Amino acid sequence: MSRTVLVVGATGRLGVAIARALVKRQSRVVLTARDPDKLASLAHELGELAGTAPPSVVCADLTREDAAPSIVEGIRRTDLGKIDDIVLACGPFPRTPLETLRREDLQHTLTVHAIAPLLLVHALSADLAAARGAVVALGDVGTSRPYTNHVAYITAKGALKAGLRALSVELAPDVRVNMLQLGIVADPEADADPLRTHRLAARSSLGRFGTAEEVVHVVLSLLDATWTTGETWNIGR
Amino acid sequence: MSRTVLVVGATGRLGVAIARALVKRQSRVVLTARDPDKLASLAHELGELAGTAPPSVVCADLTREDAAPSIVEGIRRTDLGKIDDIVLACGPFPRTPLETLRREDLQHTLTVHAIAPLLLVHALSADLAAARGAVVALGDVGTSRPYTNHVAYITAKGALKAGLRALSVELAPDVRVNMLQLGIVADPEADADPLRTHRLAARSSLGRFGTAEEVVHVVLSLLDATWTTGETWNIGR
Amino acid sequence: MSRTVLVVGATGRLGVAIARALVKRQSRVVLTARDPDKLASLAHELGELAGTAPPSVVCADLTREDAAPSIVEGIRRTDLGKIDDIVLACGPFPRTPLETLRREDLQHTLTVHAIAPLLLVHALSADLAAARGAVVALGDVGTSRPYTNHVAYITAKGALKAGLRALSVELAPDVRVNMLQLGIVADPEADADPLRTHRLAARSSLGRFGTAEEVVHVVLSLLDATWTTGETWNIGR
Amino acid sequence: MSRTVLVVGATGRLGVAIARALVKRQSRVVLTARDPDKLASLAHELGELAGTAPPSVVCADLTREDAAPSIVEGIRRTDLGKIDDIVLACGPFPRTPLETLRREDLQHTLTVHAIAPLLLVHALSADLAAARGAVVALGDVGTSRPYTNHVAYITAKGALKAGLRALSVELAPDVRVNMLQLGIVADPEADADPLRTHRLAARSSLGRFGTAEEVVHVVLSLLDATWTTGETWNIGR
């Protein structure tokens, strides 16, 4: 299964776990994220893990207007020159309390979580189609069962969900486009927050945070689910 | 039931029908849309219908950054000075074929259909809460069963749906926030398009376009559904 | 709007409220339920309310194998001889703790809440089609967000939901078939139960039980929603 | 991953594929189905595949009232004496044209697809809990987007879906209970039916039947998805 997978948001906690899992199963990866040092460090680690040269990295800031074309250009400059599949694991989870919700919060969050990823899938659709590839995006169960203080984030994930759904119809049958909506994943820094714990207890049947490995398991399953497009699978709620 | 209802997108086909129906049942309306002439003409007609002075109008362009605050300011300048309920009937239905999908399409459509309406609800939430008011938004069944050539529009309606859902949790229990997702409404100009007819046949159990009156019926039902928030009701699919 | 509406489960709390509301808006009703005394008493009350002769009643036990044909036969014997619309408001809400769940619980609850109502719609489909009629059924939001101690009931409401959805496709476009899924409706006898109150707080954005009037409002809306079939509208969750 | 998985409906096309895949990944299986010869033959094949003794079989007819207890008793008599996980792959797909839909169709189909499986999960819940086990059931996307001629089947799958959802809440967090809803799986005997092909084209983005392997992939993914309960994942629509 030596496919080339673009991991967007590769240096976030889930992005790193996904990239590692892809490398472990012999996929090639192209890593993109904003911070060049984190990218280089992750690439180094993954090269050691694979016993190969470090994977290609493309440094890009999804908030910039040219994010999608600049990532495509970066891919063209790598040895491989193209990708087969995309995992969208963009990271930020901005807290936007209602009282202080501003236009900029919505614009910025929609740009990072919806506009840039959708344009990127669009820009790479020929690569994806040629490889009969798949897009798997991380979403959030909050789009159907929202929690407070995250209107901008939930709006953006709803935009991404609907936009990918529309792209799944446009790009079928050659490209499969699916989303995985997550509950609350364990985060050593955040788990001490009593609000998180309370939210968890009130919502999750399983009564615990998910692990990165549990998310990775379903990301890989969905990448390989060749008879599935336009779907949203939920976990951890 | 003499409530004051802000109708956003009042001069569109559905907006006009909704405004008329509200006036017919003795609601006061405040009309907002972009075109001052159409607004004046509609206000005149509604005044005659009600046998009163024409309702207040607030001319505003939802694509402008200051759309929400400028509508609020306009409301404050009306005789009533405040509103009780909001109907979001923003109109544009841009065609964005995949081949030529541009960043601007997504930004523009998200601004008109999601960012501006969400900010407006946010800005008027004190009015709504004081009146134990309701927000009813028109959405599109395409968010769950998309059609081609409308990625930007479907993305924006998905953003609106998720954002309103999040607001419903933030604003409960004083404000109710719901969405009505529509199938294809009859449009004398567009109905000759064979693609519309084909899409209809392939999708709709009832096999026909909806009428504005049928949409109005459910908008009013949802405005009055005092035990409902955060819901999406579908019609016409 | 002088239609003839069969109200199934007419003597339950919601059934009574629905029958009254129908009579108030000049619909004719045919009432069916199990207890002849309650039926007679309700018919008497509704006759007084309408200033007419009491409406027709058909006494039937939905647990009996011949429930559907016997109700149809009863309808044929009434003055009207036929019905235009059906409201399914079957009442029982059996508690079936997991430890003691028995086969009979599932069979019995499925019979009352799914098999008998589906067969009744089926048996009356020619009446419905001739009148371009509607079926509105009361369901329960527990099918998508279940609570404990009601596996049999939730299973049966899930069966009804899917079965009506299938019938909506079979009977389109002449007959419309829709469901209303409810949260927890106020019940003077049950509301003292602290478990109910706790369940409510944990689940409902609006934080209160619904009233029968609030349910009736949506039942009537859905009866009149001429551009809607195969849908499930949720309220009170 | 040497778990013991009960495969219900093991001799159907999907059941066989699932049983093979489980054996290939070193799971132990207990097979149950109605036909003793088919069961024996499958057990023989799986023994050869594993290079071990044939797996245990429990012959049972899900239409019988004592199906669940008799399967449990059969399991107790096997060498293993207990199971860890359950895959519900019950087979029949009865065609029930609307004109001739009978009470028996609904009763029979509900018994096989919902009552017996739910009672079986209930009866084995202590085994499942002790093993922190999972239930994965095959459902049908027809519950949300129905097709004609299958009211009984769709009703039964809707009952199973809701019932398992209710059980997922009752049995959490020790037991995970999930469903996989399928589109139309390839079937050499049935694929020549032009109605199937037409239904496919009208509904499926991918425009083809699924393979048993593609279903198996998601069944195994869901068995291993340790942070998931009460979910329905859709494929092939």
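Letters A, B, C and D name the chains as they come in the text, with residue numbers starting at 1 for each one.
Keep this in mind: a residue touches a chain if its C-beta (ideal position, glycine included) is under 8 Å from a C-beta of that chain, and two chains touch if they have at least 3 such contacts.
Just so you know, these numbers come straight off a predicted model, no measurement behind them.
Residues touching across the chain B and chain C pair largely coincide in numbering: over half of the numbers involved belong to both copies. Put simply, the C-alpha centre of chain B and that of chain C have 32 angstrom between them. The mean-CA centres of chain A and chain C are about 44 angstrom from one another, to the nearest whole unit.
Contact with two or more other chains is made by residues 168-169, 230 of chain D. If touching chains are joined by edges, the resulting network of the protein chains shown is one closed cycle, each chain touching exactly two neighbours. The touching residues of chain C, when paired with chain B in their complex, are 168-169, 172-173, 176, 183, 205-208, 210-211, 214-215, 217-218, 221, 224-231, 233-237.
Considering their complex, residues 65, 68, 98, 101, 103, 106-107, 110, 114-115, 118-119, 122, 125, 142-144, 146-148, 150-151, 154-163, 165-171, 230 of chain B touch chain A.
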